[in-house]
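Structure first, then comments.
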Amino acid sequence: MSKFAFGAILAATTALAPLTAAAQTEIQFWHAFTGRLAELLDEQVAGFNAGQSDYKVTATPKGNYSEALNAGIAAFRAGEQPQILQVFEVGTASMMAAKGAIKPVYEVMAESGLPFDPNAYLSAVTGYYTTAEGQMLSLPYNSSTQVLYVNRDALEGAGIDPDTDLSTWQNVDTVLGQLKEAGHACPYTTSWQSWVHLESFSAYHNVPFATQANGFGGLDTELVFNGPLQVQHISKLGEWAQDGKFIYAGRRNEAGANFRAGNCALFTESSAGYAGVKAEAQFDFQIRPLPYWDGVEGAPQNTIIGGASLWVLAGHEPEEYKATAAFLNYLSSPEVQAQWHQNTGYLPITSAAAEVTRAAGFYEANPGTDIAVIQMTSKEPTENSKGLRLGSFDQIRAIIDEELEAVWSGDKDAQAALDTAVERGNQLLRRFEQANR
Amino acid sequence: MEKRVTFKGWLLPLCLIAPQVLISAVFFFYPAGQAVWQSLFIPDPFGLSSQFVGLGNFEYLLGDPYYRASFVTTAVFSTLVTLASMIPALFLAVMADRLVKSAGTYRTLLIWPYAVAPAIAGVLWMFMFNTRVGVVSWYLGQLGYDWNHVLNGTEAMGLVVAASAWGRISYNFLFFFAALQAVPRSIIEAAAIDGARFWRRFFTIVLPLLSPTTFFLLVVNIVYAFFETFGVIHTITAGGPQQSTTILVYKVFSDGFVSQDLGSSAAQSVILLVVVGLLTVLQFKYIEKRVHY
Amino acid sequence: MAREITGMVERRGAGLWLTHLCMIAGVLVIFFPIWLAFVASTVTQPEIVRPPMPLWPGDQLIENYTAALFSGVNVPVLTMLGNSLVMAVGIAVGKIIISLTSAFAIVYFRFPGRNMFFWLIFLTLMLPVEVRIVPTYEVIAGFGMLNSYQGLIFPLVASATATFLFRQFFLTIPDELAEAARVDGASPMQFFRDILLPMSRTNIAALFVILFIYGWNQYLWPLLITTDPSMNTIVMGIRQMFPSGDDVADWPVIMATSILAMIPPVVVVISMQKLFIRGLVDSEK
C-alpha cells in the first residue's frame, strides 16, 4: 500500500472514530431492512466486529428497497457512497449495467486474497447474480422462493383429506372445486402474482420468460411470456377468479394477512413468509412445493428466487475492499448462513449451510422449511430457470400487475392481456438498452 | 391583485425578498433544473453515462395511450381530493366558530389527522381497508357489502381520495378557522341567526369575506392533490387496479424514484409542471377576480 | 379577553345542540382512524390479526408503549425526539420569517421583477422532493452539510405556501392603515412591526402549527442525508419498526410508536390555542 493511501485511511478513520484504534478499517453497509430482520442483521454485523479487530462494519438502515437504492445512488454521485449496498433483485440489471459504479464481488474476493470458492455456493441461488460466464457480481443476501401454504383445517372442514396430493395444478384445480362446493369463501389466494405466476412459473416449466436466456445473454432481450403455456395458466387462474375460487388480494403480499387470519385454504407465497405464518396462524398449516402442470416436458424444473443481494460500490481504498471481502466471507460462512436461514426462512447461499441446518435437526423440528431448498436445488438450472436480468424490471412488473388485474376482473382474456404486457414491456426494454448502449 | 397604497423604494423590498429567493435558487432551482435537464436524455442513474435523445422522452410518453389516460385519472382525483378536503373543513370551521367555549377540544381532536406522518397515514388506511381482514372491510362484509378495492377501480379511487383528503381536512380546517376569527365580530353577530337563515347569511356575507383564504386553499389543495399524494397511493393501491389510480405524479415517482428511469421521469415532471403551472395561472387570472380583498 | 369571548355568538337551546351534534359527528368520522390506531396500540397482536379487531382499548397499553419506547431503535428515543424538535422548529420559524418578509415586499412595494419573483417562489410548490432528490443531495454534500441540522433544515425552508398565505392576508388589510402609517411618517419596517405582525397573529399561529407538523413528519430527506444515528428523527425511528422483506408487522408496537410521535405536534396545537382566539385584531378595527 502506498504511503499516501495509508495516510488517507489513517486520517479518515481517526476523523470518523477518534476513539477506535487507528489500525481499524471502517466500512459502511447500507441496507433496507427494518424491524426484526434489521435486528438479525445487526447481530450478524456485531458478530463480525467482535470476531476480529482489524475491521469494523457499520450497518445503517436506509428505509425500504427503493429508498436505500436512491440513497446509494445519491451518495455515489456526491462521492459519499458506502462500501456495501443492499439492492432488491429487480434492480440487478441496473446495477450490473452501471459498470463504473460497482465492483463485482468476484473481483473484490480475488483481490483480497481470501479463499473464495464459487462452487461452494448454491448455483440456483447465486445464479441470479452471476454473469453468463459464472462470475459472481453481487452476494445474495436474502433470497427466497415460492411455495404453497396449506391450511389443513380448511381442507378438513370441507371434507377433503388434508394430505391430498397438491403437487400439480391439476390436483389443485380439483381441490379448489371441492372447497368451493363446500362453500369456502377463499379457496386460493396468492401474493406477488407476477413473481409466482409468470416469472417463476416460466422457470419451473422450463419455458423462457424473455429471449437471450432471460436477459443474461444481452440487453437486446425481448419478453416472451405470452407463450401458450403461460397463457393457459393465466386463463385458468382467470377462470378461478371468476368462479370465486381464486381471491385476489393485492399486488404485494396483502394476501398474507388473509391466509394468516385463517380465511384462505391455499396460498402461494415466498418461503420467507414462514415465520409470519408460524407466529400468527391459529390453525394447522403445512408447506408444500409449488404446484406445476403435469404433462409439461421438463416440469418441475426449479423455481427462481426473489429478495436482495449485496453490491460492492466502486471508488474506495484497497484496504476497505479487503475489509469488505472479509465481511462477505464471514456472511458466507456455514454457521452464519445456517443461523440466518433458520431465523428468517431465507434460503442458505451455500450447500454447507444447508447441511449444517439439516444436521442440527432444524428441518425435522420445522417440517416444510427444507422444501424451498429442495425445490431450488433438485435440478441444475437451465437457461430458462437461472433467473431474470431485465432492465426497468420494476416498471415491467407494474405493467404485468395491471394486465393480470384485467384478467382477474374479467375485462380481458389471458392471451390479450399477456400480449399487451409483452408489447408494453418490450418498449421499456428498448429504452433501457438505449440508456446502456 | 394590487394594493393602492404602497411604500417607495426598491432596495428594501429586494433585501426582504432575497433570503427566500436565495434559498429557493440554491436548494430548489439549481437541483430542479438539473433534474429537468435530464428530460432530454436517457441517463444512467449513477451519472456515468447519458444518451441525448432530444424530445424523445416526450414523444415516447405522449405516444403512450396509458400515459394519456392518466391525465383523466389525475383530473378526477384532484377534483375529488380538493372538494373532499375543503367542504367538510369549511363546515366544521363554521361550527367550531359558533362554539367558542368548547371549540378548543374539537380543534385539538380535528388537528390529529394532520399530525399523522404521510408515511404512516397510508399504512393506517391500508390497515383499515385491507381486503376482507381490514377492520372496515370486515364490518362492511358483515353488512353484506364486499369491499374489494384491489379489483374495483371505483372503490380504489374512493379509498385513495379519502386517505389523501383526510389529513388535509385538518389543514384546511385550521386556516378556515383562523380566517373566521379575523372576520369582524359585528358581521358574524349579524349573521348569527339559527337555521336556514344562518346559512343564507353565511353565503352572502361571511363567505365572501373568506374568499382570500378560500382562494389560497383552493390553489394549495390542487397543488397538493397533484404533487404530494403519491406516497399514499403507493402504499394503498400502487396505482391499481389496472390503471385506475395511476395519477401523473405517481408515475413520476414510480418510474423515477423506484425504477430509476430518470429520463422519462424528468420528462413527466416537465409535462406536469406545464399543466399545473397553466392551471395556476388560470386560477390567478380568472378565479382571483372574484376574490374580495 | 375572557369577557369579550362570552356574549359572542354562542347559540342557545336547540341550535346549540345541533351545532354540537354536527361537530361530534364530524369529529367521530375524522378521528376514527386515530382511534383505531390507539385501540391497536392497547391490544395484543393475535387480537388484531384475527378479524374483526376490537374497537375498544384492551389491557396491553403499558406493555406496548414500553416496547415502543425501549426496543427496536439504535438511538434513544429522546435523541430522536430532540432532533425532530430542532428540525421542526427550525423549519417552521425559518419559513415564517422569510415568508413574512417576502410577502411584505411583494404586497407593499413596487420594484423591478416583483411579479417574476412571486411566480418563481410559487414554482417551488411544483416538483416533489423525490424527483429532485439526487441533485439536491449533491448540493448539500457540496456544502458539507450531510449529517447536520443545516442540511436537514435549509432545503425545506423555502416555502411558497406561507408566502402565498401572507400575501392573501396582507391584501385584505385595509389600505387606510398603510396610508395612516405613511402620513405619520412611519418607516415601512415600523409599519411591518407595529401593524402587520400583530394583525397576522392568527395566521402565524395557524402556519406555525402546520409547518411544525410538516417539519416533524419529514421522512425521506432526513433518511437520505443522515448516516450518523445520533441525527435520526422520530419518524425514521418509527419506520424502523415497520416490517421489511417478508416479515409480518408487529402492529401494537407500531401503532404505539405512531401515537407517541403524534403527541408533540398535538401539544403544539394546544399551546397555540390562545393565539387563535379573536382578540386584538377586532378592537383595532
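Going by the order they are written in, the chains are A, B and C; count residues from 1 in each one.
Here is the rule we go by: contacts are C-beta pairs under 8 Å (C-beta built on N, C-alpha and C of every residue); 3 or more make two chains touch, one makes a residue touch a chain.
Chain by chain, the UniProt names read as follows: A = sn-glycerol-3-phosphate-binding periplasmic protein UgpB; B = sn-glycerol-3-phosphate transport system permease protein UgpA; C = sn-glycerol-3-phosphate transport system permease protein UgpE.
Keep in mind that this is a model prediction, so the values were computed, not measured.
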item	value
Chain-level touch network, classified as line, ring, star, complete or other	complete
Contact-richer chain pair (by C-beta pairs counted) among A-B and B-C	B-C
Centroid-based (C-alpha) most distant chain relative to chain C	A
Centre-to-centre distance between chain C and chain A (centres being mean Cα positions), rounded to whole Å	39
Distance between chain centroids, defined by C-alpha means - chain A, chain B (Å)	36
Distance between chain centroids, defined by C-alpha means - chain B, chain C (Å)	16
Chain C: positions in contact with at least two other chains	49, 51, 133-134, 138, 219, 239, 242
Touching two or more other chains - residue numbers and ranges from chain B	45, 132-133, 257
Set of chain A residues in contact with two or more other chains	70, 73, 77, 257, 261, 263
Parts of chain B lying in touch with chain C, wherever the complex brings them together	1, 3-7, 9-10, 12-14, 16-17, 19-21, 23-24, 26-32, 34-36, 45, 88, 91-92, 95-102, 104, 106-120, 123-125, 127-128, 132-135, 138-139, 142, 166, 169-171, 174-175, 177-178, 181-182, 184-185, 188-189, 192, 194-195, 212-213, 215-216, 219-220, 223, 226-228, 230, 249, 252-253, 256-257, 265-266, 269, 272-273, 276-277, 280, 293
Residue ranges of chain A in contact with chain C within the complex	28, 30, 32-39, 42, 60-64, 67, 70-71, 73-75, 77-80, 142, 144, 253, 256-257, 260-263, 269-270, 272-273, 275-276, 279-280, 282, 307-308, 344-345
Complex contacts: residues of chain C adjacent to chain A	45-46, 49-51, 72, 74, 133-134, 137-138, 141-142, 146, 219-220, 223-224, 227, 229, 239-250
Sites on chain B touched by chain A in the complex	42-49, 51, 53, 60, 64, 66, 130-133, 150-151, 238-243, 254-255, 257-261, 263-264
In the complex, chain A residues that touch chain B	66, 69-70, 73, 76-77, 91, 94, 97-101, 186, 247-252, 254, 257-258, 261, 263, 392-395, 398, 401-403, 405-406, 408-409, 411, 424, 427-428, 431-432, 434-437
